[in-house]
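Dumping the structure here so I can ask a few things about it.
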């Protein structure tokens, strides 16, 4: 395992410490386990708090998106393993400004169950709680079982929409509704070119030898749709866009937001080559790209590969995507 | 022959289980890596170490003792298995709240009740080849049993039987999506952990018969 | 070569096309070879134009830093090979707003020579031109030959300082002087954990097998100071900081700016682990971190590794570092 | 026996050189990869292809023909070698501006003069084992030569001699910093390119003796 680390056990805590030091004053680490990241400066009272949480090793996701117009707090787990009940509970409390709290989480067993427990408990105690579960990865299940799909990079758009809606002063049901509207029209798919190593495991979770790539692989190395030889970027883009549009079935003329995301080791140069074709294909399909992001948004440490996310937008969503947002790891 | 157990017994059982889970860390990681994300051993070891680190005696109150375990899980882990187990423990803790003794005969219905809350939380169905199928089998097989000795042998056998029963089935839940065929011929890691835990617990229960303590 | 590309020949042009598409409206591609990146919206007339240029494959460096408060234009070469005379000449012309043009470039043979030729020609034609050559890599030559050192991530600070000074309306000699002041107190060093592949070459320029790392390696794979087994991040940080401070010899109490930069594949998580120790060591040396950046700023495509840059700052430099800057790839 | 050359000759020589450089692309990349960044072959091939793509006849004006080559380099490449060669060509172009014929006897002083501007630009000293040492050797050895035939043989020999002379020296310049010892026993890629170029040029110069054209 060739990583710039001290020990697998200290990986998360040291990285969080460095993150808060490097971006002086932006991220506040708190919580009884030191696994809550919250805004240094809380948002105005009365507004909806937006919370997320998940395994570590996906920076900027999840904790990197704590900031103005985005998340209020985030619970941080271990590498590729979800946060504890206490971390989540403390994150919700940190985010609570009196307007209720929306949890925006990715669809993974542990996370949904533990967030569910916390939400039920806090609701029973009288707090206003709601949850949006993001399940955007079309490769992880067929459409008839869409609710079992994994959550991947589409959650970035969910954070942006929920964060902006909350900042505008919308109510908890409204923030939840608009975030769910966004996610209902949001689809992602990934392609992996190489594996990554969970520090505690010390060895890659899987192997992609030689010129092998895997279409549809998840951000923790979850099995994809096929494994085969590398193809030209344009062909890969074509398959990804086709799979997304086949699932989403947007009517021509629809406006969309696009995110071409690096899984970590894939450089910006290659992302842009991919983006170029994705954009051409979307336009050719009669869609209008109204908002676009390309870069590292949801990674798997040093995994090479990329994901493409397409989300239908209307004026309301577009307004929320373009609303101000500010934190060290947010880039638009 | 003992027909009841106390909160102190829960503490003793917990220590046996925790030690066994720590011991099996690498084995569990390997098992989970085959079809899941390979972290179950680490997760269970982390929780177990936290449980072992708390050296204060467990109270006689069975509900309180069970809740104490649930709280340690709540503090230290967020995995699927932890969530499922925590849910079950909380249900049991409520069922046995303020009881200084629980009759073994009440175990089967309490476990069935806990299983329902676990299913509600986890969305897994019985037959999905998860830890829940092991628990369901235990709950079924121990029905009507009222002595420690019988309980020990039966529960242990039930987990072994569950493993055998599901070995030929495909795996369905878990963090890594599997090929439908995959998982056939292998054991579900959570079910193996249950078997290890109940085997260790059985050891601790027998201790009580010979005067075992919390430590 | 496992990359998301179509062909080595089209690598740069397709990446630039994607970059301008992805960040709609921010980067304008121009020039007779399509190798000039300029601001979509030129700065106010009369101000100093700031230009850079260099080989491709280092994004966000160089072209990614075209934007408000940073560069006005940038000449883009081939992968790891400098831009042509025409590209550079057209970039200077694009950046010229009547207040003269400052070229801020890294110290590599081809770049300094060709920028030199262009600057001499344009000067002879009556344009006000000046150049700052960045040579911050302490590993590339001993202190007695400091002027032959390579330019690496320190150039980011040079862009920020020059860009902000120009935006404030300082004159060409003033912008040059303050940028040179910044660079006089700026030192960098890199460590590589893996190689990268120039698309046209098809194979890695070098190899770092097993647990081998190379301290002091340059961003094109230039030979470093030693090659040996991977060490804990804290030990690597200690050696890097020691080498930087031994060269810079700042007096205790000095304020510094710090940049911990990923060479590409090294994830943010590891960067933060490195940053944590770097920050501790600088504070322990009696220095005060007044400005800090951590992330991908100057990369070598998919190379794994990191660089650390330390720059002495005074109130003037700090003011310029903290001045507003705005472009899709700038993150502070 | 010819004692002069024209702008058209420059065009013919350019085509020979360009074809030879394209042919040697991989060899040059490999040579440059050993101690440099491995791009010299690609760079020279890119420039050469651009030169070959321009199929219009070169004018008789020697200065204009030389400048045309410099301009193509200016458009297509920014490497160290390109910058050095471009600098030299611009100096020669100015020297021979508006001349429809240049006597071979003027080549040595013109080249020495160009060498000075190249050195000023490149900061390399003679002896640093770069293309400049090859050019310097040519400039020295062709002094006093006035015929095409003699020029061809002498210049070609001079580049071969320069290679031999510097083979044992360490490399100093270039994009990749080398160990001081490294480069000993190997040829400088730029000097090899010079040898290839002048050898190809010599072929083209001899063509003129038998009535060769621009194409």
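Here the chain labels run A, B, C and D in written order, and each chain numbers its own residues starting at 1.
Operating definition for what follows: a contact is a pair of C-beta atoms (placed from the backbone, for glycine too) under 8 Å apart; a residue touches a chain by one contact, two chains touch by 3 or more.
Quick caveat, the model's predicted, so the values are computed rather than measured.
Shared contact partners of subunit B and subunit C, listed by label, are A. In this assembly, B is the chain whose CA centroid lies farthest from the centroid of subunit D. Separating the CA-averaged centres of subunit A and subunit D is a span of 56 Å. With each centre defined as the average position of its C-alpha atoms, the distance from subunit B to subunit D rounds to 80 Å.
One finds 29 Å separating the Cα centroids of subunit A and subunit C. Measuring from the averaged C-alpha position of subunit A to that of subunit B gives a distance of 33 Å. Residue positions of subunit A with contacts to 2 or more other chains are absent.
Across the assembly, subunit D contributes no residue that touches 2 or more other chains. Viewed as a network of touching protein chains, the structure reduces to a simple linear path. The touching residues of subunit C, counted against subunit A in their complex, run 2-7, 11, 14-19, 21-24, 56-57, 59-60, 64, 193-194, 211, 213, 230, 232-234, 236, 260, 264-276, 279, 289, 292-296, 299, 301-302, 304, 306, 328-329, 331-332. Across the complex, subunit A is touched by residues 29, 33, 37-39, 42-43, 73-84, 86-87, 121-122, 173-179 of subunit B. The touching residues of subunit C, when paired with subunit D in their complex, are 32-33, 77-78, 80-89, 108-111, 113-114, 116-117, 140-141, 150, 198, 200-201, 205, 218, 220-223.
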